[in-house]
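Both complexes below contain chain A, partnered by chain B and then by chain C.
The block that comes next holds the complex of A and B.
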């Protein structure tokens, strides 16, 4: 036995986390057992509390403590614009730029026929239900990957008949990037979607 | 507010862990709140249990559930040989090769005058106390770094007068390594400690 049992248990629990290999799990475990007991208890409790207190916002499906999340219940946000993203972390990414004042819709995944994930496995029905007469625009902000593209195309086809404007994030060179280092798919998109100056 | 409060709390707890940046903390938090509640509870409990159940083995200072760790209380281990390491994880590293059958001594750090860490901050006194008449060899297995070297030299000076044999792990080319890629300090050591064939 390499480790005392409670330590081994903790390590194997930590190893299950995404991006945490055996080495990191060990390092984390050794770090944790050396922290003051109060700190460890705080982490332990915030784990259970987060799990218990969070549910999906009944409108946008983002993580929320209340039935309606803070964005969906905010009268200062433009409730006629929906930014559709794959995951809750994408909401955080868009919020961070502090420029978007509409609402979100979290699909909780992307279409991936290879993995057997179709629109029925995503929060697409909930998105459709939000498209009342008031809705001005749906911005599809899925990742520029095969799955993100497929989902965006599917949503465009599905939503356009409802009369809502459907847009998608621009593809192109990342700001500050160098042509020399851009992959050819990005460069191809940047060229294809070039704008007049 | 980017995240619902319980989620934000969990993220800031996770961010405190070594090697976990803001992005990884978010990713972990989102992953965790999607796991079944039982799994989250298991992790949460193993954290507190590991913290509460572990102490230092009173002989070798490794993490242990009991007053004496499983190695120090194992009659099949050679109790006359001590492998001195800096951290508990180093014990695991040596155990993994399955070739060493002696005991360990964990210093819980290395000497580092720059950081104000001297021998009095390490478990050196506890090591000295173990050197009774029966002890055959002390293998210093500290890292081949400045701190590891300094600690090894200090221990050699301190222990030799007690009559015990003090050795150190060999420096040299890592097995499977390529000369071409070896750093010059390693190559220098490999040359200096060359063996006759």
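The block that comes next holds the complex of A and C.
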């Protein structure tokens, strides 16, 4: 055997994490077993605590400590606008600009038959359930990839009968970006969504 | 646009090699397996992000015993530096002025090239896939937007095919199909517009060149695999395609028919007619790129002279000299290139992974 069993077990657990290959898993494992026991305990406890304490917000499906997340329960946020994103990290990205005052809806993925992901695997039903009442606008903020486009199209078709206004984020040149360095995809969409001066 | 300086590090049989080609004709002479094709291939790699000779993975292109290879080129004109890094077991990466690019295909169009090799005959003789590959490569280096449509189309196609296979073991709602078909319809329609226009423009030039080469009539026609609106054709073909698990309509099934004197060159052409047709297409592509981009591409000739008869060889060489663009021509003996080219060319010799002015 290459490693003592407890070490081997730890390595194979770490290897299951996204973006961690066998080499990184070994490096992390060696690092962890050399740390003081208290530090290691804190790490393992915070893992379990995070898992136990977090759930999906029952409205927007973002990660939350309470039944309703801090955004959904904030009276100052515009509850008639929903920004639909693929992942919780996208909520964080939009929040960072401090300009958007509506709510979110996290799909937890994009449609991708190759990966076995259809609408039933996404939080689509939960989005539909939010549309009764006085919803003003749904902003679809999925990435401009083929999967992001397909998911946006699916939502647009699905939401059309409800009469709510559905918009899609514009994609184009990064501000401060140089034309010469933009990849063709970015330039293409910048050209497609150009505006009159 | 031309390649000013090439730097190879652990690429194939080159350990560390700097090469300063001239802006005119470069005659690269060497015996077989000394590295002359590797040199030309490195230039093509900077141009397209792809390796000419198909390899299972990049390991085959990395020098024995090394972990990584690097190909770097300085481009005169815009003053840019292109770099491709190959690493065993990893994804190939491309850089523009040291900034990483999202995909290696984003290199396309920065150093346009037209490659002549002995596999060109396949464009005329083999199945439609070869002709689509030719169209896709040339269009991608002229039009970045075409490349974008192409890669979106390919991905949407994989997704729809995956969905077709799912139907056999689970219920799939029509709306799931419709979204991929809408994307295939949109990107596929755009691809076909580009291909039709390209083939039309290519025909004008290629038929003239073909006539000069052998007084025969060359005809090209872009043929679509289906009729009418693509999104609708996809929807109506769905039931039939579920059994096969693959999409049967769309630009990935189209063909470019090439005929000589009214007969399909693929089935009825002699080897000589097929060779001339392939040569006409490539030479016409050079003119078309020059017209579209405002300057000619770099011409790469990989050991093709020995395969051509004297008439075709002279035509090709005089075309190259006349175009006055940077050309890299490999051969085993300098005299294969003829006296006129030898007079104008800068001659290099390649031996055991070393390039030197001859």
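Basically, the second predicted complex is superposed on the first by the 196 of 197 C-alpha atoms of A that agree within 3 Å, B and C clash if a C-alpha of one lies under 4 Å from a C-alpha of the other, contacts with A are read in each partner's own complex, and residues count from 1 in each chain.
In this text, a contact is a pair of C-beta atoms (placed from the backbone, for glycine too) under 8 Å apart; a residue touches a chain by one contact, two chains touch by 3 or more.
The model shown is predicted, which means the values in this text are computed figures rather than measured ones.
S.K.: Between chain B and chain C, point out the one touching more chain A residues.
M.R.: B
S.K.: In the overlay, answer first, second, both or neither for which of chain B and chain C A:111 touches.
M.R.: The answer is second: A:111 touches chain C but not chain B.
S.K.: One more residue to check, A:173. First (chain B), second (chain C), both or neither?
M.R.: neither
S.K.: Which partner does A:150 contact after superposing on A: first (chain B), second (chain C), both, neither?
M.R.: Second partner only, chain C.
S.K.: Touching A:131 in the superposition: chain B (first), chain C (second), both, neither?
M.R.: Touch status of A:131: no partner.
S.K.: Could you tell me if A:158 is touching chain B, chain C, both of them or neither one (first, second, both, neither)?
M.R.: In the superposition, A:158 contacts chain C only.
S.K.: Have a look at where A:51 lands relative to chain B and chain C in the superposition and call it first, second, both or neither.
M.R.: first
S.K.: Applying the touch criterion given at the start, work out whether A:35 contacts chain B, chain C, both or neither, answering first, second, both or neither.
M.R.: A:35 sits against chain B, while chain C stays out of touch.
S.K.: Kindly classify A:9 by the partners it touches after superposition: chain B alone (first), chain C alone (second), both, or neither?
M.R.: In the superposition, A:9 contacts chain B only.
S.K.: Can you list the chain C residues touching chain A in their complex?
M.R.: That would be residues 78, 80, 96-97, 99, 101-103, 106, 109, 144-145, 147-148, 151-152, 155-156, 158-160, 162-163, 166, 172-173, 175-176, 178-180, 182-183 of chain C.
S.K.: Which of the residues in chain B come into contact with chain A in the complex?
M.R.: My answer: residues 1-7, 9-10, 13-14, 16-20, 24, 26-33, 35, 37, 39-54, 63-65, 69-70, 87-89, 91-92, 95-96.
S.K.: Provide the residue numbers of chain A that touch chain C in the complex, in ascending order.
M.R.: Where chain A meets chain C, its residues are 111-114, 116, 118-119, 145-147, 149-151, 153-154, 157-158, 180-181, 183-185, 187-188, 191.
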